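Mind looking over this structure? Questions follow.
We call the chains A, B and C, going by the order they appear; numbering starts again at 1 in every chain.
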Amino acid sequence: MSVDTIIQALNAVRQQKPLVVNITNYVVMNNSANALLAIGASPIMAHSKQEMAEMLSFAGALVINIGTLDSVWIPRMLFAVEQANRHGKPVILDPVGCGASTLRTETSRQIARLAEKLIIRGNASEIIALAGEQAQTKGVDALDSSEAALGAARFLVAEYAANVMISGATDYIVSQNRTVALTNGDKMMPHVTGMGCTLTALTGAFAAVGDDTGLAAAAILGVAGEIAAENASGPGSLQVALLDTLYQIDEAQIVARLQLEIH
Amino acid sequence: MSVDTIIQALNAVRQQKPLVVNITNYVVMNNSANALLAIGASPIMAHSKQEMAEMLSFAGALVINIGTLDSVWIPRMLFAVEQANRHGKPVILDPVGCGASTLRTETSRQIARLAEKLIIRGNASEIIALAGEQAQTKGVDALDSSEAALGAARFLVAEYAANVMISGATDYIVSQNRTVALTNGDKMMPHVTGMGCTLTALTGAFAAVGDDTGLAAAAILGVAGEIAAENASGPGSLQVALLDTLYQIDEAQIVARLQLEIH
Amino acid sequence: MSVDTIIQALNAVRQQKPLVVNITNYVVMNNSANALLAIGASPIMAHSKQEMAEMLSFAGALVINIGTLDSVWIPRMLFAVEQANRHGKPVILDPVGCGASTLRTETSRQIARLAEKLIIRGNASEIIALAGEQAQTKGVDALDSSEAALGAARFLVAEYAANVMISGATDYIVSQNRTVALTNGDKMMPHVTGMGCTLTALTGAFAAVGDDTGLAAAAILGVAGEIAAENASGPGSLQVALLDTLYQIDEAQIVARLQLEIH
């Protein structure tokens, strides 16, 4: 895995403009659509069962984000995953708030069990909660650190035959044979709502062009966030600058800044 | 149709502050409300049947945008159109993704058949899909060009007694006796989600003060987008600058920049 | 009540990072979450009955905003208020559009009757409509002025054992023994959608750390809005600058600018 692979994935997204179907939460729908447009993909936000089979027949990937889930939307999410399976499309699951309620934990697991080509993207506490007690070997204080979720991520990789991303100061991209650590990004990013959801949405675009690990999305968002933060005076302007940067980001910026370690 | 009519319409919106009821998609609700506020109108986002009759008794126009439609919201949209009809209010339909699913195509046609005072605003592929096979005389590549949808737009004008707007590099405002072409705007605008939806929402404000064609809205958004793009370094800052520009835009800017041709 | 109390409340929010559960409208979900993050609180947007009991067991406050209410969400709002009551948590009610439809007026009153620890935040016409005819002693023209709603606010304080905030050019913070007037803010703020909703959300964060009046939230948002407006060229950049300012605002800025009068 070199920086070349990441650049190639970016070029592929910009050339192919893959359609990414998003069943995502109300809070981040606008940001997610804008981030996908800025990087060059084609977003569609849709949730009706009556159109999901059609849409997943020609879409490149399905993003499922449970941030504002309820009993009306959960069956739609499951139905969409079945349609993605039927058409061999990757599913990217963002288990927002997993662990904060039984509903979120159970729904996340149900989706993870169902999806055949699965990438999971969460923060440390969500990944640990999704993995369940088996993985909770550290105290609560450790939950802020993405390292603390590495064991849980490895459990999920095995349990669901998935690739797993842990977001944090260091992002970990965990797959069966390899763990990649990325240390780009900026400490102001968690002060903007939906930055993780943005990464999940972008992961859909890159999965549609062949990156089933989330690495290209995490690398590019990390570098873009770093550049955007240099031009921002707070979380409001960071959100704006991030979209500008995703739109403009080029090979030279990625090569110059990427901080990637393979473990 | 001169630039004076457009200026008068802008002044009327700013003086009358018309109430525009929006049943729109989750992705663009915030942008649509902000664009309506910036131009001087009063937006309300509402979708409950239990209040729609009351609201349309005192509102100036109804905007229906099907971007995130489902079986719960479709009956609400139809009920709202009935209430608009009952009170003689214009309906502006944005058939988002028409053609991308049978559900969207059928729902758009159902709304178009029902509305008595109708303006339709879509991009070329949506307008062509809404018109059906009769209009699809060009290949898929042509769909990006708004010219390709002129025949479909004329079909819709006749079929639904509607005025029709086709958005694109050139915007076409098609009515029974006349077609107007507008070439303002900027090529970065399609990289911001919901720019078309913003035009649809603004069309509601201008319809409420008497412009039943959408021309004033398209002209003002085109000029504002052009000015905003000069102050933007990407789609994030374009979205922000557009709201600032809609708030500030004045007669002199419109006169100096408007590129309008009557066919 | 001195400026010290306000500073202490701000420090408490930043240190304790209280979890604020929001059942709010689709239009402002993103802004509300971002404003809460910017000031240092932890927002969660959730509406499912299946997780509300759990969430309110560990949350600091519940914000209920009826801006896009319907028959599906109203029972969820009432259920959430019951859970807040059960755990002794404050409820902040934003009766958006109260008076614009019977549904909104009746739902607002139902929530107000149910909530045991209640803060109400609305503009003058919403507060007057919520209070009902008893309070409507002035003409329609007066509704734009927050003074016109002082009688209504006092009625609501007595009727619901609530604290009441009236937003406007002057904000009034009305409680049983005292009325505080705040004259910070900027005249451009009403041209951004959801500024009142942002105040309601922030009131949740401050209620979670002990301010049951809304004063700290109103004071800080007023000062932040004033600073942001100095750096903004329209409502788009005002919205962005406001988040930046909430993130950065410090004691010196608040002390230098706060315009507060106790009546």
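Assume a residue touches a chain if its C-beta (ideal position, glycine included) is under 8 Å from a C-beta of that chain, and two chains touch if they have at least 3 such contacts.
Not measured: the values here are computed from a predicted model.
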item	value
Chain contact graph, described as a line, ring, star, complete graph or other shape	complete
Copies chain B and chain C touch via same or different residues, half shared test	different
Chain B and chain C: spacing of chain centres that average the CA atoms, whole Å	33
Where chain A touches two or more other chains, by residue	26, 30, 72, 239-240
Partner chain B, residues of chain A touching it in the complex	26, 29-30, 33-34, 37-38, 43-48, 50-51, 54-55, 72, 239-248
Chain C-touching residues of chain A, taken from the complex the two chains share	25-28, 30-31, 67-72, 97, 100-104, 190-194, 232-237, 239-240
